[in-house]
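In the two assemblies presented below, chain A is common to both, partnered first by chain B and then by chain C.
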Partner chain A sequence: MTSQPSPRPETSGTPTSAAAGTRLDPWLDAYADRTHGMRASEIRALFAVANRPEVVSLAGGMPFLDGLPLDSLAQVAAQVVAQRGLQALQYGSGQGDETLREQILEVMALEGISAHPDDVVVTTGSQQALDLVTRVFINPGDVVVAEAPSYVGALGVFRAYQADVVHVPIDEHGLIPAALEETLTSLAAAGRQTKFLYTVPNFHNPAGVSVSLERRPQIVEIARRHGVLVLEDNPYGLLGFDRDPWPALRSYDEDGVIYLGSFSKTFAPGYRVGWAVAPHAVREKLVLASESAILCPSNASQIAISSYLSTCDWRSQVKSYRELYRERRDAMVGALAEHLPEASWTVPDGGFYTWVRLPEGLDAKDMLPRAVTARVAYVPGTAFYFDGTGRDHMRLSFCYPTPERIREGVRRLASVVSAERELVEMFGTGTTDEPADDVVAPAPDVL
Partner chain B sequence: MTSSSAPAPSALTPLVPGSSAAPRVALLAGGLSHERDVSIRSGRRVAEALRSAGVEVSLHDVDADLVPALTELAPDLVWPLLHGASGEDGSVRDVVQLLGLRLLGTGPRASRVAWSKPIAKTVVSRAGIVTPEFVTLPQSLFRELGAGRVLDAIVGRLGLPVVVKPSRGGSALGVSVVRSADELPRAMVECFAYGGTALIERAVDGVEVAVSVVDLGDGPVALPPIEIVTDGPYDYDARYNPGRVEYFAPARLAPETRAAVEDVAITAHRALGLARLSRADLIIDEDGVVHFLEVNVTPGMTETSLLPQAAEAAGHNLGALYRALVEASLAAEPTGLAGVGAL
Partner chain C sequence: MTSQPSPRPETSGTPTSAAAGTRLDPWLDAYADRTHGMRASEIRALFAVANRPEVVSLAGGMPFLDGLPLDSLAQVAAQVVAQRGLQALQYGSGQGDETLREQILEVMALEGISAHPDDVVVTTGSQQALDLVTRVFINPGDVVVAEAPSYVGALGVFRAYQADVVHVPIDEHGLIPAALEETLTSLAAAGRQTKFLYTVPNFHNPAGVSVSLERRPQIVEIARRHGVLVLEDNPYGLLGFDRDPWPALRSYDEDGVIYLGSFSKTFAPGYRVGWAVAPHAVREKLVLASESAILCPSNASQIAISSYLSTCDWRSQVKSYRELYRERRDAMVGALAEHLPEASWTVPDGGFYTWVRLPEGLDAKDMLPRAVTARVAYVPGTAFYFDGTGRDHMRLSFCYPTPERIREGVRRLASVVSAERELVEMFGTGTTDEPADDVVAPAPDVL
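Then we have the complex of A and B:
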């Protein structure tokens, strides 16, 4: 049924019932303003088929875990319960397990970060750290500056705290310093307070690019000069294919950068362990905010990860992930070159994603149902812009499917693009400037 | 033609007179259609309600495991709660019957007819039901004849506004209300993303109602009509997020208007050869004329869906009603293929 809104017409006779209608939720008027954007959407519903084996999903961001040494991990888990069970199953410190915090320093040292265990706050995935930082800094209407495009999960947090996100363009070398300078200057001139710059400097989600070595100190300096904090989100930094990790932004300015790290991509997301490293006063607030949200991160998860780091060769595991994802990246860009030469895409040198620009006039959001019918899924670009623009782009993930499946997925995608092009040319429609009103991405368990 | 509301089923009757065994029902939900998510939610709600009424329920996706699972389980009844594609086009129902199992609901042939909106509109109009003037056109025809010329002809004939929708499919996916000619090309592109054939029909302004029909063994009867009041299109967002739609159950209709919409729903149910349950989506125009839009052989059963709302408005306990549908299906003669007399 389709609605044709109109004034209620007079029907013959007298209504038999003047009873009030129902909106099926007695608490509608009780929700906070920030809740109104949390809605089921048509696009999200389309992702429901992505986990079916018939569908090649290039949509989700689930890491490929099949290479994990499960037997060793089982022994670690058994030892955790047998030897430290009373601690693992008990409440723990709000800031996180001290031993793990020391080990996190070793991980971060690979990216040039030097810190004290007291500077680290362990969180339930770095997603919770994002939430805590936003909670601590953002009043409704405050500005967050973020890359265009930007990580959809961060945009969701910013939206929930009623921030206003202003995007800054990027190119193949990441965030453009001149554009950042211009944006911060014009925001200040307009009397708007920018609370922080949110950036994913390594193997960006969704764009796949990294901020160049040359630009890193420039970006930190621009932010410092404008009195704007930097929120550096770095889940993929160790997953470079052809190079060692580059220095974190945090390594250039300990007082002006909050760094977020995670074990979800380099080890396993199921433990839900991430962390934040923040200037000491900020860190105190993050700990208090975290305690009010969750009391403490999971002791069992932290101790399991701590045991893994101390007893398993985690560096080799990261290396094997890098090789595995490089093979998949090669399959992805090779298939794109073969089947979709009319599109353009980034060639990531690490991480999980490539960012594809569709041929002129195509709309990735409108095209998704056709793709699902053709048994291939992706995330439309609209998910990665706060204002719902980005219809001409799509994010393709190469982290989970095998190289063969990636090639098959791109082949299917090419036929979808071809059919959609014919349709768009036939009707003379192009990409609309109209922002998407349902800015969504797949649920975390979508492949 | 009766248009009385269905009475609430009385005490649960046993599966077979003299037997106390709980009926075993296999629910099919999920599938690979665009409405997979809705179907899964429908399946869970019906499973929960049936279990509360003492029915033994198993829930199955439509995948490579289905045929072996149904063969091994040999359930008393299979109830497809699949929305879209193979779930409603009759094909999964064909397979259920091939396996020698009994179906709850409409058989494959009639499903195939009802699933196609233009064919269903043609069938019900032959039965005297009013339906908005429409045209059904495949994408290929626009290519052959030139899209601009065909669109001009559509607007010339049907006027504006028109509703553009995929000729098959539900949950308002790919549906647009077009109020000016320059919106039409984009609506066509959105529609063809969901399927190769578009139905374009004259938009009717009026009161939207949905009438669910159930048949508990004594012929189809209407549940109270539900009136749908929205502040925008009754699209996917409006359907599955409480808040944008105000439902009136029963609809605020004069007795003769209510009788008329119930009559249309039952007439459509019969004309299309539907069985056990259906839902007709209708609009009452300013002159009180009831227009048929489409019918659903697998009405949504989610927490925001219309058939469960109508059942509750009629005083039914959902578990008891669903069990009564199960028992009526088991008590009926196996029908094989449901007939479609009008064709």
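Then we have the complex of A and C:
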């Protein structure tokens, strides 16, 4: 997958990639400017290894699907084709199936959103919605303000459209309103146009924190006052472990917030169905952009999701996911406390991730090859910063491995950290100030 | 759907659109430059009417699916979930399912293409492949050379990326090599960078013609000599009425041609599965661009298509489509000869469309509202030219309506043309030289 030759660990199982990387590219001079920034991150080569069964991957963001009622879902899939096949197999509306858009309103009502089906645009996963919003708003050089850290897949899209991302710090209550105010003010003073604020307010990827109830209206108010649109990305909002969902930012301001939702984590990602809810005129642009990008989302996928929502107990499925992931969160933080007490980490009350700060002097990016050799994988913090900082952090996912595997993974990680600390004590800090270069294309293995 | 208030025919059944168009857009100043070119074409409002059952639509490019074996396909869909659900419902590879990519090689072998599964990128319909190729190559102002006329959905993508399209004339044997040579030479002399040649060599949309066997290697050679990539878009290649498929342009030059294929017309569009085959380094860029755009194509869709290919007789299905569409082509050209002898038209030997030149002085775009009132719809020729010319042509589709409906549609069209000619004779030509503005977002209803 690498487009440039790059050092690979000896254990790599992808010989074709290296051979590929050495071929000449006769079309190199023909690429658009934006394309020269597209390259596979070095960590991608490592993840090819991390996906081997002997490695405990705490890296990926794949939901754990083994509990899904496959027999019922198979019946649903059969009925979609047998009873509604001429619609399911045909082209559909660019905006998405109307019945599904109505059902999406029910899902969003759980977070205090009231909208009209006309406001909803169905997309090929919420990643496509991110792409469309960025396409509609971003000229090269425009500013996107985003949490520090931010979802790697969003940063990749912003880079693909040649945006400049300015990070705003967060704490255990999420995005800090005073810091947002200061950033927007100084950007305006510098004459830079901030197009939108990108935020994951619930069970943040990668930080695991949520924006507090008190801060939500404050953030919306600050953005509105500065004339900055809010892009609220909410794949995990229904997956709280100990509480019902909090009101979406969208519930505070219909005209100033684009909300992105997804069935990938609350049901399953394989149908690739997400959505955007946007102010009316913006929604029209998103539909036109989506028609240009894919003509229309899959009717087969949409009708499968729609039938699932109407014939299966999706609320119970969400509840069972919440319990499943809570148990894994507990395994993760328990193991961290037992084996890595010298680190610090967030204790998420929902979602898929915890954000770990390494002991002083350690570099998560440099350490990754040694961790993979020790059969444990994670995503280095550098992936989540536009400026390549974050070497002192790593993201650990607890969504996919079983609690037993999570504990084993953290044990392995602890031994790698321990060996790394000895090296640092002997030879001095391994941390470099050189920015990393991880924010490239997002990929399923580093969701 | 219109983003600007625009005159709508009184018969329009979409009252919300007009209301929508009059709302103020608070985010107008925040859009990217490319977004100001995105608007729904005026003809979109008409197609909302054209989709009513009392209207014979010769406008849309929807395949006719009634002959598909829905019961078998329902079984396939059920097995996909029951037996491979944990894979089908999960995230997948950004490049696409490997088994499906191998099967795609078998399909392409029918057109003389030999490739490796690594060369194939699965996309959300071939529209997404068009979008990705354009994203990877086009800076604002770059030139795309394309047939005159060209597929409206491709022109929409090129416009979305702010390309400039230069048309090259075609005749009954397709793209004219001497004209291509001349165009590329004069573009180079003018110092303009031509990024690629976009062509639909088989059963052209909208013109209904195919590039002759003799011209295929000539076109590839001219492009190569000028250092211009060829983008070969081939949704209809297997749907010849009287002959086996001709060799793809890709079969003459692996390093200089990006080939796009699709299951939308040879099977069904509802799964949204298409693909690109590209030179190696370009393929890597396409995968990275696709990961940024959608993370990965739908596993559920890909595995459904893959299972269809391996368990159903897809070659017989293609054969039955060829017979179905041949019968409809015959109905179309027969009715044109009977009712519209004063026009001229192409007689396609495959695909979905015929391209009709109206009698002198008639304007297909101006006539459309009157045609819709007479309960027949078509796509005016202006949709297929980047410069808004083409008012003297219309595209008629014979793919979806039954032969009886096709004959009725052409009868209605003939009476509209006849009334229009009387007006022209009385009041002079209705044709204006003013360029039309139809090349906007493509949409399922004007495929």
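We adopt the following convention: the second predicted complex is superposed on the first by the 412 of 447 C-alpha atoms of A that agree within 3 Å, B and C clash if a C-alpha of one lies under 4 Å from a C-alpha of the other, contacts with A are read in each partner's own complex, and residues count from 1 in each chain.
As a convention for this text, contacts are C-beta pairs under 8 Å (C-beta built on N, C-alpha and C of every residue); 3 or more make two chains touch, one makes a residue touch a chain.
The model shown is predicted, which means the values in this text are computed figures rather than measured ones.
In the superposition on chain A, the chain among chain B and chain C reaching more residues of chain A is C.
Legend: residue contacts after superposition of the two complexes on their common chain; A:A289 is shown touching chain C, with no touch to chain B. With both structures placed on the common chain, the touch criterion links A:P369 to chain B but leaves chain C unconnected. When both complexes are overlaid on chain A, the residue A:E420 reaches chain B alone and has no touch with chain C. Once the two complexes are overlaid on the shared chain, A:G428 sits against chain B while remaining clear of chain C. Of the two partner chains placed by the overlay, only chain B lies in contact with A:A48; chain C stays clear of it. In the overlay built on the shared chain, the residue A:R411 is in contact with neither chain B nor chain C. Judged by the touch definition given at the top, the superposed model places A:D25 against both chain B and chain C. Within the superposed three-chain model, A:R39 lies in touch with chain B and with chain C [touch as defined at top].
Overlap of the chain B and chain C interfaces on chain A: residues 1, 3, 16, 23-25, 28, 39-40. The residues of chain C lying in touch with chain A in their complex are 1, 3, 16, 20, 23-28, 30-35, 38-40, 62-63, 65-66, 68, 70-71, 73-82, 85-94, 118, 124-125, 127-128, 131, 135-139, 142, 153, 156-157, 160-161, 193, 195-196, 229, 255, 264, 268-272, 279-282, 284-285, 287-289, 291-301, 304, 440-444, 447. Of all residues in chain B, only 32-38, 40, 63, 139, 142-143, 147-148, 161, 163, 165, 171-175, 177, 185-186, 188-190, 192-194, 203-208, 210, 227-238, 240-258, 281, 283-286, 288, 293-294, 303-304, 309 touch chain A in the complex they form. Listing the residues of chain A that touch chain B in their complex gives 1-6, 8-19, 21-25, 28, 39-42, 44-46, 48-49, 52-55, 366-370, 372-373, 375, 420, 422-424, 426-429, 432, 437-438.
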